[in-house]
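Structures follow.
Below are two complexes that have chain A in common, paired first with chain B and then with chain C.
This part shows the complex of A and B:
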């Protein structure tokens, strides 16, 4: 029993901390730079698919399957997600707030649909399996394996956090703040607002891609339905509840919202009759939505404000 | 230093700036006056770069700048303030000033990790200079307050401080005296003269004729998008055509 709780705890935390990495990426884009990216799921998907295609064993009828080391997969997930962010950003970052939201949302939907339909590239609706897991040689010792995995995710999260904290306190972060608060004034002081925005967008997208790759290798299997707009909604809820503009808030929000999501899922599983469970599962979105609205009413700047 | 040649700008209807030409010499304080709607702020926006002229050209030290993006013009030593000041409200006064420093190595992502010591040392120097600039405009006491708490007049001083931090050679001041109490007005006027004494060329849009007469060696008068007079303040402000546009109103 205790072992079960421990196993669930490590699994839960590892997932929550992976979300926290995505949330840090969004915090850089929205919290610090004011970029309304509603296509989070798309960049997470790009990272996940890139690493999965590169590291899985060869699969007949599907692209990739090069069996590369996991580390290479993760690094290229960062690179490809950054490149995709650059392309998207280059085209869309001149758009303001709501228009940027619409276009990034569209991009994410396109990416998800490609994942779903481009079967020779992505495996289509069946997704990609046999994604190698780190520490696979220890898979027999379940508890040890879970702890090691949690530590690995925590280490990546810590590294991302430290990088972003240093940048937030740097002259670079100061310029981002100025652009967010009054772009025209920042430009009049000689700051290339579009250039800085693109940098923040690319770095944030790269972080999301890394998180996607980590998640893919943790579960060992990915499918297009992992990357629906609901994922974007979750990450936004995490950031708003935790405290937009605050990296610690982003992490706290990720853990809390993922907790709420998992707990409400478990509650629905045990309270709702089996016939209605599939439909009742959508209540989880309602629960997170309620939490989001409550926070906006009582602590509009989040639990840990900027 | 600054040459504006036959510049025209319209927003669909009658041109707001219509074939205006003038020059500002190095080291002078030039005033740009005229009734509301004359096109003065549009002229500033054209020079500073938030607008592009439909025709004509703008040269700074002989270099054509009218096609350059706005952020690049600060590199030529061109800086401006706004009629309604634009502080970064959530940032402290000292951060507002520090962010304006030009060419900071730490504004690149990588140097923050590859050369952290260099970035830190540079930022310490930026902070020292920002403190000096804050002292100069008299905002030292408020240095660590968020800019949103500043009064209208203090915001104008903060904008002046930011502009100074860019190391400008030509500063465009858009109504530095508007909405400022008389005591602070004296301070602002004093600072403008002091800056000019340091060799910074200044171009001012202002409605306070007393201030214009006191600060400016030369006045340019715009009305309905055209330059209608220019010369010494004492002379221009007595020009019947100028008095007509200000007091008699301009045909709309």
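This part shows the complex of A and C:
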């Protein structure tokens, strides 16, 4: 029994901390720079699919399958997600702020379409399996494997957190804050506002891609339905509830919202009759949505304000 | 390539245009990109379904008009759907956006609208399940129009209905006091309030008009395609693309944008198959943002 709780706890935390990495990427884009990305799920998917395609064993009829080492997959996931963010940012960041929202929304929709339909590239609706897992030789000892994985995710999260904290305190981070608060003043001091915005957007997208890759290699299987708009919404709820602009808030929000999500799932699983569960599962989004709207109304700066 | 895509594209484009009018109005008057707009479409379509089915159960002999697949029941359903669209839009504004408008910046409104749209869609899916539904299960014969083009009577009716609604919208916006107030407010809210225009009334009118048109386009989509909880979400990208292509704030632009998107989608489906339909709107959106970000009829910001 205690072992069960321990196993569930490590699995829960590992997932929550992966979300926390995504949330840190979003915090750089939104919290620190004021860029509104509605396509978070798309950038996470890019990272997951890139790494999965490069590291899986060869599969007939599908692109990729080069069996590359996991670390190479993660690095290329970062690179491809950054490149995609650069293209999106380059087109939209010079326009009015909510065009970025609409375009990133479109990016997520198109990536979902490609993941579903481009079977030779993405495996189509069945997704990609046999994604190699770090510490695979220990997969027999489930508890040990989960703990090692949790430590790995925590280490990546800590590294991302430390880098972002350093950046936030650096002259670069202060320029971002200045652009967010008063763009005209920053520009009049000779700062290239769009250049700084693009850098923040690309770095944030790269972090989301990394998190997608980590998650894909933890579960060992990915499919298009992992990257629906609900994912974007969860990450946004995490950031706003935790406190946007505050990296510790982003991590706290990720753990709390993932907890709420898992708890409402478990509650539905035990309280609702079996043939009604698929319908009731849609209510989880409503629960998180209500939590988000109430935070926006009653504590708009989140639990740990900037 | 035959001309069939023109007929299909115009019918689809008319529905996109109707939806995009509300989007472009909320965008220019309330000044934020409203993701809830798609849910007015879906909730409208289901209201139409519930009311029409209820009426058919009450009087099974109501039948259908001549060559069309529906009768009085669905026309009353359409009316009920538009009322539901108005009510939903006003409720959403009263309980969420009104307070947020007072205390925060535009982008928080966009986030809230994104969250609300997901919550409304999940709630709808909870009530009606994710199975597709239809107003009528009869198969309609398409009538040849010449040049290899075939249309169903329903498609023609949808086009006529959309044209009728457009005339009504045009009259409201150009000939009534409320419409003129809306246009003045979208040009310059401060100046409009100084001139004695009631800002709160303009906001309510904008939501009501947008909600009613979106719900009507939802019923028309239900007549010509099918009814699903995600139908509004699937329309969002075409709607945004149409509103931006036409130029934010321009009602004729939104209609024109809708028709262009509809035609391009139908052409794309004929050439490349239906799997990538949604990507067409995205490509047009990107092209407009690159080449002419103010759209066809848009003012310079």
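Worth pointing out:
FYI, the second predicted complex is superposed on the first by the 306 of 306 C-alpha atoms of A that agree within 3 Å, B and C clash if a C-alpha of one lies under 4 Å from a C-alpha of the other, contacts with A are read in each partner's own complex, and residues count from 1 in each chain.
Throughout what follows, a residue touches a chain if its C-beta (ideal position, glycine included) is under 8 Å from a C-beta of that chain, and two chains touch if they have at least 3 such contacts.
Here the structure is a predicted model, which means the values were calculated and not measured.
Considering which of chain B and chain C touches more of chain A, the answer is C. Of the two partner chains, chain C is the only one that A:290 touches; chain B does not reach it.
By the touch criterion defined above, A:267 lies against neither chain B nor chain C after alignment on the C-alpha atoms of chain A.
Using the contact criterion defined above for the overlaid structures, shared-chain residue A:189 touches chain B, although it does not reach chain C. In the superposition on chain A, no contact is made by A:148 with either chain B or chain C. Of the two partner chains placed around the shared chain by superposition, neither chain B nor chain C is touched by A:303.
The touching residues of chain B, when paired with chain A in their complex, are 48, 50, 69-75, 79-80, 82, 86-91, 95-96, 98-102, 104-109, 112-113, 116, 119, 122-123, 126, 162, 166. Residues 163, 166-167, 170-172, 174-175, 177-178, 181-182, 184-193, 199, 203, 306 of chain A are the ones that touch chain B when the two sit in their complex. Within the complex, the chain C residues that touch chain A are 32-33, 35, 96, 99-100, 103-104, 106-108, 110-112, 114-116, 118-119, 121-123, 125-126, 129, 233, 236-237, 240-241, 244, 275-276, 278-279, 281-282, 285-286, 289-290, 293, 301. Interface of chain A with chain C (complex): residues 34, 36, 38, 91-92, 95-99, 101-103, 105-107, 109-110, 113, 116-117, 229-230, 232-233, 236-237, 240, 279-280, 282-286, 289-290, 292-293, 296-297, 300.
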